[in-house]
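Working notes, beginning with the structure itself.
Letters are used for the chains, namely A, B, C, D, E and F, taken in the order the chains are written, and counting of residues starts over at 1 for each.
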């Protein structure tokens, strides 16, 4: 099997930000869902995160907005994308403003929960960089 | 009653983008909810849309992301904020990319429905500008 | 088959507020879902709406709150329960206040959409009573 | 009080899969909500899980689909129904495929969270059966 | 550019059930989102609907379950998948039972709205087949 | 800067039920979101919780209804408002009835999760009052 273009560019992005990701997905999920790990490379990364037409910082902030508005149940993924937004050049303030804005769309409890998730990331990043 | 700072800056922004908005909200809602129209100026505009720390374009794109991910039931509001994003300098492509990205978070039907809502706005704006 | 207590009290309440409801549900749904209409009498009305421990007005206002917060996609049911709340003694103002409060929990678009649904009911009720 | 048909068939199914369930619900909830435990037998089991027209395996897989798509906040109930699906003859692969499919409808974070919940059940069932 | 395996099998399935689908998606969306139509072939069909490990009928019924539970805002997609379920061998009764079951997970208004959507499909299919 | 009427009445209510709340919000959030703590006083309390036209008990029960129907992800806020409802004169039974009713709108898992959250509050309040 030769790899598709989408797989190749998705894999490159995924491994650059998270070395070993395909192997660790494979070890956890492929026995029960054949092809799951390569599918993640091709679909989520190859067809979405690597698209042109939107800068990475805005793409991640839009993702943070959506996950904050959808509510606290996707907290692990929200924290991943807050970190991605920061690493793409967003300031902590911008991340916090995007989350704060979500009070109007996802409600105040969703906003506060997301803000608390962000504070944890800010502290961890600060510790790393300090 | 003197107006609060939040009311004053919210009212200024709201009337600049939508002349007569407070009066038309008042005519429709204040009889049943006393103070509703001025509350909208102070809260939604004064405490959210006029905040510093995030450029308007990103703020509107984040809002488009959230409304797309939350699903088609907020279509009128989604279209208002798509228009706001375009008028703050976002390209149609950027709006479409933000919505497309939401397939991963709000699901494919929500994404397609939001994309269809965006196409209507793009056509109307094109007609206006053409 | 003898009827259960829950069916009997549910049926009585349902027919009192909506004469002929079981027959019209039966005509529409029982061919494809055997027993659907009597099940609605027994379950929704018999096990929920006829319970003791909460006055009808508060029960309906709580239902209006939930449907408003869940968003505009349940508009027909929201309007039914706004009407029920009014007929149980709630004022239009109380209905509107409950909906307005939902801005904090279901977001501003959900609140505005529900308020618009309420205004339609208020006008129809006014016309009936006028 | 004589028991309704729905109570009788619901109680039989509930006790067969979960001996003592009505008593344990009663001990926990009936003081604050009179009749709650028998209501669960009659409603959830008597009016839904014991219906004809759909085999148990498909009914449980449909339930797993819905809970996965609705997101991680119903994790305990999701795990109960994954176990029910397996015990009704679904393979682990079928459960995983149903969950994987939900990426398209509930989004990728909801899918991954549900898949992780399923892996825990698979391990526990494996340990029991091993 | 050569096509990936996922594109080839997804395209085959999509065109078999909906001839001309890629071209009509391209005409509508590719100008604003380059590559959107081929991406749908590769992702939704190639990576999800064509997977092994679950029969088509169960896959579509699970999808109907999820869309019913998520609520009426995805009505067009719900109707597409009800039709797919019927064409994969599900009976109208099985579709209705799956939807009815969702009362417990998505609430009664979502269930009734989905049942109404199903009745429309059943009538249209009946007219076609009659 | 002089304070708005909404800030003054919101602050009074917030501090009466939760002494020191603005300072503790400020310590946690104002560095990353300038003005957040005073904004909470003015918006959530000043523009919503202190409004006329609805008694506190009904307002809190409506909020409990909405948070229960929206699902377990807002558990901390649900517990705050259950406590507020009790302190405004609602009985434990009324709180439980409102939550139970939500089975019809938010689904059975959301209802059970909210009921479990309520039982924790009832026990803690009982211990305090015992």
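Here is the rule we use: a contact is a pair of C-beta atoms (placed from the backbone, for glycine too) under 8 Å apart; a residue touches a chain by one contact, two chains touch by 3 or more.
Remember, predicted model here, so these are calculated numbers, not experimental data.
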Contact-graph separation of chain C and chain F, given in steps at minimum: 1
Partner chains shared by chain C and chain D (touch criterion as defined above): A, B, E, F
Chain of greatest Cα-centre distance to chain E: F
Higher-contact pair (C-beta pairs counted), C-E versus E-F: C-E
Most widely separated chain from chain C, with each centre as the mean of CA atoms: A
Matching chain pair for C-F (criterion: over half of the contact pairs shared, by residue number), options C-D, A-B or B-D: A-B
Chain B-chain F separation of Cα centroids, rounded to whole Å: 28
Centre distance in Å when chain D and chain E are each reduced to the mean of their C-alpha atoms: 25
Cα-centroid distance, chain B relative to chain E, in whole angstrom: 31
Shared-contact residues (touching 2 or more other chains) in chain C: 33, 44, 53, 67, 69-71, 73-74, 93, 96-97, 100, 104-109
Chain D-touching residues of chain A, taken from the complex the two chains share: 28-29, 32-33, 36, 44, 67, 70-71, 73-74, 76-77
Of all residues in chain F, those that touch chain E in their complex: 69, 104-109
Chain C to chain D touching residues, read off their complex: 1-7, 33-34, 39, 42-43, 47, 52-53
Of chain E, residues touching chain C in the complex: 71-73, 92-93, 96-97, 100, 107-110, 112-113, 115, 118-119, 122
Parts of chain C lying in touch with chain F, wherever the complex brings them together: 44, 48, 51, 53-54, 58-59, 61-70, 74, 93-94, 96-98, 100-106
